[in-house]
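First the structure, which I've put down as structure tokens, then a few questions once you've had a look.
When the chains are written out, they are named A, B and C in that same order, and each has its own residue count from 1.
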Amino acid sequence: MKTFKIGGVHPNDNKLTAGLKIVDVPLPRQAVIPMSQHIGAPCVPCVQKGDVVKVGQLIGEANGFMSARIHSPVSGKVAKIDMASDAFGAKCQSIFIDVDGDEWMDNIKRTADVERICSLTGPEIIKRIADAGIVGLGGACFPTHVKLSPPPGTKAEVLIINGVECEPYLTCDHQLMMEHGEEIFIGISLLMKAINVQRAVIGIEENKKDAIKYFQELATKHFGVEVCPLKMHYPQGGEKQLIDAVIGRQVPSGALPIAVGAVVQNVATTYAVYEAVQKNKPLIDRVMTLTGKSVKNPGNYRVRLGTPLSDVMALAGGLPEDTGKVIAGGPMMGRAMKSLDAPATKRSSGLLVMPALEAQRKEMDNCIRCGKCVSACPMGLEPYLLMNEAEGAVWDRMEHDRVMDCIECGCCLYTCPSRRPLLDYIRMGKATVGGIIRARNAKK
Amino acid sequence: MATLIVSPSPHIHSGDSVSKNMYNVVIALLPAYLVSLYFFGVGALAVSLISMLSCVLFEYLIQRFVFKGKTTVGNGSALLTGMLLAFNLPSNLPWWMVVIGAFVAIGVGKMTFGGLGNNIFNPALVGRVFLLVSFPAAMTTWPVPSPLSLQYTDAETGATVLAMIKGGFGELPSHVDMLLGNMGGSLGEVSAIALIIGGIYLLIRKTITWHIPVSILLTVVLFTGILHACNPAEYASPLVHLLSGGLMLGAIFMATDYVTSPMTHRGQLIYGVGIGIITVVIRTWGAYPEGMSFAILIMNAVTPLINTYVKPRRFGEKVKK
Amino acid sequence: MNLIVASLITLGIIGLLSAIILYFVARKFNVEEDPRIGEIEEVLPGANCGGCGHPGCHGFAEACAKAESLDILLCPVGGAPVMAKIGSILGMAVAESEPKVAVLRCNGSCANRSRTSQYDGAKSCRIANATYAGETDCAFGCVGFGDCEAACMFDALHINPETGLPEIDEEKCTACGACLKACPKNIIELRKKGPKNRRVWVSCANKDKGAAARKACSVACIGCGKCAKVCPFDAITVENNLAYIDFNKCRLCRKCVAECPTGAIHEINFPPRPAAPKAEAEAKAEPAPGKPAVQEVREPEAKEEQVMPEAEPVCLELTVEAAPVDKVEETDATAAGSNSADNAETSVGKRHLDATSQTLDL
């Protein structure tokens, strides 16, 4: 079975919610929709206080090419447009909508039938995707239409669909594959048409045996689509690692996947593409996993964007007594949240509740130079060295030692026997060095 | 609800720790320890206990009263240093020399550099080499094995295999005896088979990787094999080299010390080959019969250089077609 | 004998050859350096702090030697005396500059600013700041892990464990600016030292709207603009819900200090004010010294410690959201309880002001 070649770790996968049916979260009383839910420039609100909006109505216009539109996930009246704190305490312009009923835009097909026929051309499909405000739902939230428009001079050869879900605990993609396999395959053929490739490979890790089997069956009916079972190996869901694992090509330092002819899309994104193109439904909801060993009803939930995360939590039985940490996303790359009052966004792939005992980091020791971080780094970097350089603020050395290649997967800190905050420092150094490089490029 | 804890990712940990690694090595040393207790009796017990106790004590005292910081004797690194130091000493060494060796190992070899993780040289070997140059006579008269003997400093002594080779061939013990450890030598180095069992344990527990031991042993076998093929009368066979002296102990336990070995696998291979070559050169042409400790110390000094120039294979370095 | 002669000759030849080679190498690679650079370096402090914006004192000396005028060059550590010496070396006039000192624009101590989450990453302000907005609800204030303390080369800056804020020793501070660069929140400012070291500044950097700022921190600037209105010299501007006092325009009349409803404006090194005849005026005038400026903060806080033995619980105790203002006041009052009449007056004055601010909040 295939996997990527350098580094990686094998955390316990803890998929507590595997196989649990996706449950719809009831509509909130008030939805808060931040205008920045993607990488790139924040959206500009195009409704005003007092406006009545329907589900799927455009409320935030994309601000430039590198941006993704935002649509109203609920129907009701715009209460105000104001700054609101996100889950990490940062303030962001948001639209507050008082929910009233559930009235959808007329052009959205709300039936459950699978729409197979599509007569649109590639550029038309990409336009639909851009109009629907679709972003990568794997966690990075990169606007999908940007990814599907390769820069001039490059040519995509293969579409890789990311069904790896290598983060421990998370099962939302797995469940989506099991419940909406056919739609995902139609989404794949739409994407193939959009970027004009004849071959698509779906990478799925072996801990999802049922999904591999189901998709292999479906693949026989779709020309050019194959399923590639992969060994369990974190961070296989990383774009570069997945390309390496599936087609054995390594994206060079600083280059985009298109440099090796690959375009990668997540299964959830593929499903959203299907809904946008075939059903005309913009990205207004997503599936998220709510899990944790002490959570009463862990599960996979379909949540309208803008729903307060505390509502989702309440549905899962409320925050347990011994909670120490709530993580937005998985335990390896997710961010710890400051409060549950923030709304669900396109970014919310999961909520992981960790008990206080597990949540606290243990005290760090001296570096014993065991080299385990070097062996674990999937990008072939030397985390111990980068941390020392970040502590000493020698940014030029950090750049030379390729800090910008770091994908922040967390393998170094996960594996460090001395529990040194390697990634904390590397991330800070990466941000600083990135700023220095941008400033230098701006000067040129 | 209490306030939430916020920390940067990742939020889970492998559960590995410094002390787990250290105690794993201690466990891996136990088979060889039992063999030496059998062959050298009370002497082995006395030397090892004195060495371990004094290493732990010196570490505690220095951390407590010189550094005035928190003490980390619980993590097992001082215990391991004491154990390795004892393994490198003859079992009839007077107790006070062992204490001096322990002091040099911990005080000079480790603490002067700032404690665990900062030392350049393997502390146990620093202690051993200090004793070797200070008390050459006591350090080079090894007791012959006498199972479960009750003698300590008054044990009967004899030459080691390597000394026999240096001084012209005497009656070498059989290969089986050498494998089991029924020969003269430092207390922990005699039984190749027990050391190999410990090494396999360490490999299974992923405490060490194969790179350093295998590269050392292969280099020694190749180098001595070539010499032996050229002139079997003058140069001993690779098998004798493999099973004699501190080669196994050094390759599996001393050279693989985290702190003083290179970080990358490529670097570790270079380091291992270096140790192998220097060991054979000293054994064959040097003044001392055994060169393992010097070889490791010399390569320890080269380790920072290797770390600087030998980088791991970067992702995307060579685009595969 | 032969041996000696032979060795003398060989050694002599080797020596001669080496000397010739060295001579030519030295000529070839000779670096012409302005001799004045060395002289200037002599008079510089030699701390290599980088406060001047050049890489160390040598770099600054080079820049001085090259420069056509010294107007834009300043060694912040040495200040005017050193610049005068450099001027005499180079034969150039030196622009007069006033001495400056680092000032903290945050007063969000444990007591003033309640903690709403607990940070558990690497103990570095930069990293904490990159991780999220911070332990409190104020995303602008001090993080408190002491990046500035580590950056200070003059031992002039220390984190006070009780307030969790850095305190600047104005005697030692050389205004090199290292702490400014180290602070990820940009809340340290270089301000004019002022006559007799007297200074007035807004000790807050919160740009949130008044209500949010006040909820996060009891001594936040709420951007009400009262100070700007009362200022006779037009020195105060309010932008993004935050007041700023221009130290070039400020004449230290301290009207704004009295006017500020939250006590966000600090004054330092002023003599105590004469008691005003009317009680109300007194109440208005007094609060400033009570709401801690740099030095004053220590005394009452230390007493507070005695009342509640552990430092952290003090913070947590005050997190009760319902009435943070009253709580703070209560603690202060208890702390000041046995103190002189001055302090008692202070708390009275503050109560008055707190009432004002609450009405403002609504």
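Assume contacts are C-beta pairs under 8 Å (C-beta built on N, C-alpha and C of every residue); 3 or more make two chains touch, one makes a residue touch a chain.
Bear in mind that the values here come from a model prediction, so they are computed numbers and not experimental data.
For the interfaces A-B and B-C, the C-beta contact count is higher for A-B.
Placing every chain at the mean of its C-alpha atoms, the farthest one from chain B is found to be C. Among the chains in view, A has its Cα centre nearest the centre of the complete protein Cα set.
Mean C-alpha position of chain A lies 41 Å from that of chain C. Each chain gets one centre point, the mean of its Cα atoms, and the points for chain A and chain B are 48 Å apart. The centroid of the Cα atoms in chain B and the matching centroid in chain C are 53 Å apart. The residues of chain A that reach two or more other chains are 88, 335-336, 338-339, 359-361, 421, 424, 427, listed in rising order.
For chain B, residues that reach two or more other chains under the stated contact definition are 4-8. For chain C, residues that reach two or more other chains under the stated contact definition are 116-117, 120-122, 127, 130-132.
The part of chain C that touches chain B in the complex is made up of residues 115-122, 127, 130-132, 135, 319. Note for the complex: chain B touches chain A at residues 1-2, 4-14, 16-18, 20-21, 72, 75, 115-118, 209, 258-265, 268, 307, 311-321.
Per the touch definition, chain A reaches chain C in the complex via residues 83, 85, 88-91, 335-336, 338-339, 359-361, 421, 424-425, 427-428, 431. Across the complex, chain C is touched by residues 3-8 of chain B. Interface of chain A with chain B (complex): residues 6, 9, 11, 88, 168, 240, 244, 248-253, 255, 260, 319, 323-327, 331-339, 352, 354, 356, 358-362, 365-372, 374-375, 377-382, 384-385, 402, 405, 408, 410, 413-419, 421, 423-424, 427.
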